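Notes follow the structure.
Labels for the chains are A, B and C, by order of writing; each one numbers its residues from 1.
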């Protein structure tokens, strides 16, 4: 009996395809034994249990765009794309619960109908599954104003490697009933389990958004201005310095966003301008500009991310000559740099990692097509040990197939 | 019965922290038998008050070697008994670890020892135009170490979020004395699981944080405070829902009910709230001066549309303090009208507030108890205050039963048993209301990950 | 009934505390008092915090703790009695009152040391007091005190003696005359809002000044300045004879019997003259006298004592109620510190500063942490040399940080403590009462001629 037949007889209701049919996402030449698309949490449980019995690894895949399998061995792909739909949306409570395979665009549209939104903006966010970007803790340029994604994930349903269902968190904003196991799941990259449903916090849509730009300056000058804005008495919702932008005729720019009432953003703009002693240009109809910034690094075949204290950003950026600023976007408040390019070289990334670590920061390889994948900054030894122990209680048999950390 | 500490162990501890900072005489341990929750009293075997990470490490190493339980304690302001000693355990207190180690205004970060008082950090960062956002009601007394352990909230968390949003890195002494660094600003891109996020809210069961790195925010330019007075709690609840769904982002929305207003006005803290009001709503906006009046006007309209009898607006800092007084002095005022006070803590989805409050009133009547409600309405975080006299055994039992019923009610509408006070010892019995056995077992295993021997704050959160 | 000791119920193990369960219950153990407590801030031990001490009291009342135990004795004794905890208490716990009752229980259980008892005996007797302060003034006037402060070593008995003499030498007059007058006549007139404060107001009531023990013995000049400035502001100042020490020191030390005896004498003395206001220039005395009603709680005297307490005012409160008149300039800078018994026990904070505002040319610099105790607390520096020195040292540093010419605080105990601390560090250590500055200002303005 083939594996597919075995699975079909064990779990007749689960959608299953032959592994060779899977095309997108998996890089590095690894081929799954088969691909399953469960349509409920209980089916996910059954698939995990079945895989455990078969000695197969399970690799959860959302949209499949950000996955790198790492271990050798036989594995199956568990697609969450069968787990779609909004489970509950109580607009007055500003919480929305959706199944993990739901694309963020669907969630966003539902929220928009009630004048709400969720401030999540990693690259290509609308087409990504919410389970996927929560596992990656992917973030975007709105970090300054809204903080990290993890602050807005209120709850999740998780299937552990050995097929237990855990309801983590809840659907209320304040919740301290027990240790916060949800936290390491967000950004856990599938190491702790398969997220099947997520409850997010929504916000009222800001009345007004103003997008301000400073260009016509050298990159170091833009960067200094960006870092300086991070010490202004008011906090914009986003402060980024981007490499050349098509929307700005190929110029690099400092792009600042303000949310609030019109009178508020007027005053805030004046405060920012006086803080850096330079006028900022207002951009009307800024949607495509913002999309371009948000999606930078999202589609290129190679992408790395650097974190460092804002005050040390310049040290790292000056070491980016070999990488090129052209394909970068810097969140100068968060101290994050994202670089996406099809032509990133391993040596350049190694050098950049050295510069980042030398400045007290870290580098992560987000995506890497090809075999010469460079290493990112590891967690400290003691932390890594604890992470492993933590992993062992979620996935005691090592069934889950983590993507490269 | 509390066991005394073996003299040699006491001597080793004294050698580490100095003899003045190890307390072993039974008479002197009496003061440590409760934290902010006085319903329980257990004296510890000893109290050790270290001053540095190194001392904490050595102290824990000795206690771990002897198999002695450790109860971490900050200022002892917790309301869930998280720092309640066990009779065979030793308290390790952080009261002397009260130094602000650094303030980095460029990157808006501060690093503090765990015994630093929450409000002191805000005061120290004021000269830089910065502040530390989470503001638990006890912020003038509670310590950041305790805030980290409890993942503390506060009135302004509606807009700014709770402690875990602001903690970026930790130095932690593990149960066996090992010193470990978790996270750190600038290291977000390093590989690994979010151990900082997991540690925050671990109620002293995972380790003792001895250095805490937190993010600071720029101080808001202006503030507007409104007091809405309503005939009924339902009308006030309506106003809250309207304000929040109208797209306004208040910094805080707090409600006190009729019973609380009466208690406050009868006390030395009378705030001038009319005693015939059914509910009072305190609404605050902060941010850029230019937009605040608009926000306040719109909120006032929401209140009036929901049937407010009167809306007052503070014209000065003094008046602002006055409007807040009825809310902030509520606990103290209630402490004066009954011998004992149980401050409950639960969260429900905001839209379920009116029905939950009505039902809590009924529960109070059914059990013949006086229950007053004070709460963070914006995020549905309730604090029913149950007044009682512990000398009255029958009443004490009714308090227990009513509490359980309130908790069951909150969970049944999609809420939870604690929003910000933590589980400690007090809420442990309610944990099965929100977690099934599989989940409870997972919490036990999580504790094992950090403290395999189970010596740190045993008996708290889960058994 | 003069001199009859008044006794309250008590006598059992918990003594005077026993009846105070109701006073202890409002404490909800919230811990807000901890950061306000100077001893807790420095020692970090719950036993040395207000909440901890209240818990010890409750344990005694509940019969779980022996009042003669080291814990009860040591930690209650270590309290400065500054009452900063009362200001921050959300439940309005009457800590000061409870402390006095607890100390009575503690002293019943275990006799205090000879030194403390001797001091209270001296202060409780007019004759002994007169002799004691005569000796003090002799040491001061001959400069012996100053010499001793420079020569004595810092440890043990000699250290305590040195500190005592430093306190004595700190009572020297500051010599305000030498501080500058603004050039040009009438420059100061503009300081008044209108002409009204330049002339005395119509009589605003009769006032009798408490002479007190330390003030009478070492700070007679402040008592005189008090009477003069009141007169200049339209008060009818009457001489009240046969008054006595206010009894605060005894009450704080747990000797409530003597405290009541002294209180009774004062009540009778002031009643005899029949004044509208009982004026006090010492924060500690004012606080105690405003609480005579509580001291006699449950006694036949209670109502009379309350009526008396209602008339007690700090000098700054009375002056502010009448204006005060603006005087002539005294150009100097002062480091101002709030006395605990004014700020925390009486809730008087703005008035002394308003009094200083009536003196043109004075640059008032409020010291950092002015709401924290200076460590004076009677003779704390001698009974708790180490902790007292730490608390006092922090205050002296804060005073010096202002870089002001003079220290200024409206309480003799604090004046002596801060002055002694400054002198121990070799600084000039001049300390004035705000009334001395106002008095100097009025003299220059010619209000007394």
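Here is the rule we go by: a contact is a pair of C-beta atoms (placed from the backbone, for glycine too) under 8 Å apart; a residue touches a chain by one contact, two chains touch by 3 or more.
Keep in mind that what you see is a predicted model, and the values were worked out from it rather than measured.
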Central chain (by mean CA position): B
Chain pair that, of all pairs, has the most C-beta pairs in contact: A-B
For subunit A paired with subunit C, centre-to-centre distance based on mean C-alpha positions, whole Å: 64
Where subunit A and subunit B are represented by their mean Cα positions, the distance between them in whole Å: 31
Centre distance in Å when subunit B and subunit C are each reduced to the mean of their C-alpha atoms: 38
Complex contacts: residues of subunit C adjacent to subunit B: 25-35, 40, 43-47, 49, 51-52, 55-56, 59, 64-66, 69-72, 75, 88-92
In the complex, subunit B residues that touch subunit A: 104-109, 129, 150-151, 153, 157-158, 161-162, 164-165, 178, 180-182, 185-195, 197-198, 200-203, 205-206, 217-219, 221, 241, 244-249, 287-291, 294-295, 347-351, 376, 379-381, 414-423, 427, 431, 434-435, 438-439, 442-443, 445-450, 461-462
Residues of subunit A that touch subunit B when the two form their complex: 90-95, 114-115, 137, 147-148, 150-151, 164-167, 170-181, 183-184, 186-188, 191-192, 203-207, 230-235, 260-261, 263-264, 266-268, 271, 305-312, 334-336, 356, 359-364, 376-380, 382-384, 386-387, 389-391, 393, 405
Complex contact set, residues of subunit B against subunit C: 20-21, 23, 25, 27-28, 30-38, 47, 49, 75-77, 93, 95-96, 98, 115, 117, 119-120, 138, 140-142, 267-269, 328-329, 331-333, 335-336, 339, 341
